[in-house]
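Order of writing sets the labels: A, B, C and D. Residues in every chain begin at 1.
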Amino acid sequence: MVVKVGVIGTGAMGRAHIDRLTNVLTGAKVVAVTDINQEAAKAAVRDFKLDAKVYPDDTSLLQDPDIDAVFVVSFGGAHEATVLKALDTDKFIFTEKPLATTLEGAKRIVDKEMGKPRKVIQVGFMRRYDEGIHALKTQLDSGIIGAPLVVRASHINPDVAANYSNEMAITDTLIHEIDEMHWLLDDDYASIQITYPRQSSKVNNEGLRDPQLATLTTKKGVVIQVLVHVTAQYGYEVKLEVVGETGELKLPDYGFAPIVRTQATQQTAMETSWVKRFLQAYNTEVQEFINQVAKNQSPIGPSAWDGYIAAVTAEAGIRSQKDQEPVLINVATTPAFYQKKQAVKA
Amino acid sequence: MVVKVGVIGTGAMGRAHIDRLTNVLTGAKVVAVTDINQEAAKAAVRDFKLDAKVYPDDTSLLQDPDIDAVFVVSFGGAHEATVLKALDTDKFIFTEKPLATTLEGAKRIVDKEMGKPRKVIQVGFMRRYDEGIHALKTQLDSGIIGAPLVVRASHINPDVAANYSNEMAITDTLIHEIDEMHWLLDDDYASIQITYPRQSSKVNNEGLRDPQLATLTTKKGVVIQVLVHVTAQYGYEVKLEVVGETGELKLPDYGFAPIVRTQATQQTAMETSWVKRFLQAYNTEVQEFINQVAKNQSPIGPSAWDGYIAAVTAEAGIRSQKDQEPVLINVATTPAFYQKKQAVKA
Amino acid sequence: MVVKVGVIGTGAMGRAHIDRLTNVLTGAKVVAVTDINQEAAKAAVRDFKLDAKVYPDDTSLLQDPDIDAVFVVSFGGAHEATVLKALDTDKFIFTEKPLATTLEGAKRIVDKEMGKPRKVIQVGFMRRYDEGIHALKTQLDSGIIGAPLVVRASHINPDVAANYSNEMAITDTLIHEIDEMHWLLDDDYASIQITYPRQSSKVNNEGLRDPQLATLTTKKGVVIQVLVHVTAQYGYEVKLEVVGETGELKLPDYGFAPIVRTQATQQTAMETSWVKRFLQAYNTEVQEFINQVAKNQSPIGPSAWDGYIAAVTAEAGIRSQKDQEPVLINVATTPAFYQKKQAVKA
Amino acid sequence: MVVKVGVIGTGAMGRAHIDRLTNVLTGAKVVAVTDINQEAAKAAVRDFKLDAKVYPDDTSLLQDPDIDAVFVVSFGGAHEATVLKALDTDKFIFTEKPLATTLEGAKRIVDKEMGKPRKVIQVGFMRRYDEGIHALKTQLDSGIIGAPLVVRASHINPDVAANYSNEMAITDTLIHEIDEMHWLLDDDYASIQITYPRQSSKVNNEGLRDPQLATLTTKKGVVIQVLVHVTAQYGYEVKLEVVGETGELKLPDYGFAPIVRTQATQQTAMETSWVKRFLQAYNTEVQEFINQVAKNQSPIGPSAWDGYIAAVTAEAGIRSQKDQEPVLINVATTPAFYQKKQAVKA
């Protein structure tokens, strides 16, 4: 069975998913698109040679009975409304992060989804599908370093768009580590604190502090230190190191670039954006979702509940940005509806 | 357009291609299979839930007008006959290496293909599609290390099957470097010499010498030293280092396994077979072939002429195994038919 | 001129310095020793075949007019009294850390030394002399990564002695980073905070929290995050990473152990103690001190003022251990007496 | 006891040894120097503030009864005559490589030394004292990779002096691997072959072929492939990889330079000469020699017999350069006089 997909939002990320579904992965067909900018929607159909309808808006697209699953790839502020409408249909829903821009919004989605017979939403946290991060979790779970005690991570971007705000350091950047770490550690957050080291002179955006240091603590006492540095100039990379009772685990440097020895230097080219760095993760994530839909089964990736946890934690992080003091996090126990073990596989 | 594929040979490699075409890549559908062992062919249809006919032999499968392309994945000795028959049809042909087991056989294929209006054959030399090797070639071509002078490579397997013979060190193992190096250097071979270092006590196969050292020289004078070690016990890996006039290029260690510090050791898990190591290369190779067929265009990967060069060189290598002396290689100038630039992209 | 050295304290560290002065470095001769345990002092003379007097105590040794320089290598609590007495002589003084166990004690030494015509004290902070750390500082000072913004460091020990207390995580372990970082950054500390992540089950010592996270901030706003993990089981190492405005600097993994590929693993042996890891640094440090004494010139390594800064900072760290809140640090401006540029060279 | 040293030859290498003996190591004093250029000898005394006599020639220096050991650091062609004369005295002899420039000369020295009651000569092959190479040998001897089968090495120089001839690729450069490999493998050479890959356009010296590939085989059948590349431009390094029956050993990249991430590149500075790369090895080598002399015991480092093996092998290598064919090597069984196990320790 070929999964028929409707894509809501045909900006850069929407087009990336259309390309993936059309030219890379198997088992899916994009049959409908829409975008607030109708020309953009038409351009996507034309550029990717899609055999797809262009709908005027999400509401009309969602009424198409021929669509099995929708990809919500509009701008973040629009996700909640579309997902809530989609929950009124019997379609599967893949939504890019954030699930919602407020924790109340995320809660509304969770509450509504729990009214359905089964999970239908997957949130686009692709980190869990990265081959390296997945292998690190496998080793951690094997007990090779004992219980985890401290995690150190870095999220490095060379620079950011002109509209990148201080809050986006949490909601767009740190959000990946927020989802990743509680999954990695199989633990719940207890608090978050954002502090501001010396400001980089490379920051151009009004009001943006960069770098930022996030300190998350978990219920089991693990301390997670994340460096968010989005005007780092030098390249794109994520770093991850887990300190355990009897050893340490570290993500290897990423890449296939050759080691070049020349001019008294040994050097290797680095990535400069997330596009190539996480291409494998995005492909694996979406293929798994498509495979589940093809089998008419619930997605097994990050759920709306994970999206809710991220929303709660991000909101606390934004509050901490105000005075740089720790903010407590208290997410309710995971409802039975969401407790099914997630068998993500990179 | 979905490319309809017939698969000739449903052993391990045939099944891997069926899986790839069915569950990983896009744009292809396996519609027919055959195998000398008909039960194996049926099992493949059943296991991969194919909507495909099972033909009694290659001849009957090749008569099916609904098939766009065939994958020749039978045992090596059968490739030549099947490919020659397939050349009588208008189907595209993807054949696993070797193109033929004799240089005369390879020559017959080349001669017959040149009678057609365009190239239709691609030989399954996947190394060129490996992201790391491809990136290394890109750097080499950029001139960053000047002209290449010496190449050092290793082809390491933990062990081999009981039927692995001494000649297979050339025809099954070194064959990958034989195809890779003349492409990498954009150069032609002048000679090959196989020498036998101290025999490993880990060799169980009668008549097998292991390790073996292959020394290839090119028309431009580059010397290529390849270590073939197929009972190396410790893991699977390929190494590649190019020494140029002003610098060196080296393939980075492959893998995503975390760096583990424990028990006074820093360690990283290695691959133990080519399956995962070259999965990306196989996928990229086959997707490119499928995309070309979908556009009704000649394959742009390794051609029958490349298969012929490999056959000539391997045959010389086997002769060198006899007395460990250098054997000259003289491949005719590439016919115009095959000269079109191959724009392989990892 | 051979520098005549008196060694006060012949425990493990004292013997290491005697060995170094006698069997490794040039230009010095140990001519006198003392230890609260006179048998230990005699054993040192015997074991290292010294031509040296054994004095009953530091006071008598310090009266020997034939001694050019003293090494204060007694237990930490005894350093202050000996150094103060030594300042009454015209001898040069090399004292192991800590300069004193209280900031008042450190202040007393600084005040007394400033009454002399020139600096005579060097404190044994050897980190600055490590070839790798020194090279990193050179790069940092070159501006290659712009202004430093964040520093991340780890100080890892496999385990600690039974008498290692919670305060010693600051005074014995973190003390090295305390000295290193303000020198590295050429900056002054503004605050220190110690927090306690999840306790390791490997801790045997009553009252010891391990690991601990130290967060130091500087006057320029740099945030320094140090992981102190002294029951880490897996080995000994120090890590250092400096994040700047345009790049990052990282200390390479230390060691000469070969890369071993075996049993599907690539591995390298790690150090398990500081002895070998910092041997070069200790040797360089002491040779430089001896060379200065031989020229009758002030030491150019870490001064009593650096020892005072360490004492102030460590004392604040111990206060932070109480409630894990940040403690402000306010060291007075460096007196002119101590401002001479220290031209340490690894 | 301080060892009194006479230094014969005060060029760059002689001065380096004088510096080492005077300012770095312990237990030695340079009391006499000579050089064919008397001004150079006087300059050495002046520059290093030596309390040393300047002799008009080696003969007169060797007559000074106050000298315990001589360092023969004149130009290579003069070593044999000086060493033979020194053997008439009771002094210990440290001679830089080569022991002699002909195998007959080396034989004369060996024969004469065997007439003495014990070994007195050490040849300056410092590789064995390198910490990394030593650790690799320790692992190899432990059996962790089983029996060695193949060795791959590289000897890379950025460029060479104007007087560097084609033979010097063997006698000055490869000579280090010649001494290193039979010691590393505890094996004897059976043959040597020099071949010439594509000539680098960076070669300026008339008659010099660069790079060169040396293939040494041993009595046990191990094949050793050495790349000698002396106009490599990019830096100085030696590489070493030993392939065994169950694993591989590789020398780690050398150096303390920080890992710098900047401008989309991860990079590390490399050495550009042997001076720093092998400083530790030279120091360890000479200190060990001095310690043996101080104990009035035979040197335990590379012996005159090792120098003879090197001379025989180098001479065969030069013959191979003529026609690039393998040349057999047949060194007689090690005389009992030289069989004492060498307990070199890095």
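Going forward, contacts are C-beta pairs under 8 Å (C-beta built on N, C-alpha and C of every residue); 3 or more make two chains touch, one makes a residue touch a chain.
In this text the structure is predicted, and so the values were computed from the model without any measurement.
K.L.:
If more than half of the interface residue numbers appear on both sides, call it same; otherwise different. Which is it for chain B and chain D?
P.N.:
same
K.L.:
Sort the other chains by how far their Cα centres are from that of chain A and give me the top one.
P.N.:
Farthest by centroid: D.
K.L.:
Applying the document's contact definition, name the chain pair with more C-beta pairs in contact, A-D or A-B.
P.N.:
Looking at contacts between chains, A-B has the larger number.
K.L.:
Measuring centre to centre with CA averages, how many angstrom lie between chain B and chain D?
P.N.:
45
K.L.:
Go ahead and note the Å separation of the Cα centroids belonging to chain A and chain D.
P.N.:
58
K.L.:
Taking each chain's centre as the mean of its CA atoms, how far is chain A from chain B in angstrom?
P.N.:
37
K.L.:
What parts of chain B, by residue number, touch at least two of the other chains?
P.N.:
Correct list: 145, 233-234, 246-248, 261-263, 268.
K.L.:
Would you mind writing out the residues of chain A in touch with chain C in their complex?
P.N.:
Interface residues on chain A, with respect to chain C: 145-150, 152, 154, 195, 197-202, 211, 213, 217, 220-223, 225, 227, 229, 232-234, 243, 245-248.
K.L.:
Mind listing the chain D positions that touch chain A in their complex?
P.N.:
158, 233-235, 237, 253, 261-272
K.L.:
Which stretch or stretches of chain B touch chain A in the complex?
P.N.:
Its residues touching chain A are 22-27, 131-132, 135-136, 139, 144-145, 246-252, 255-263, 268, 287.
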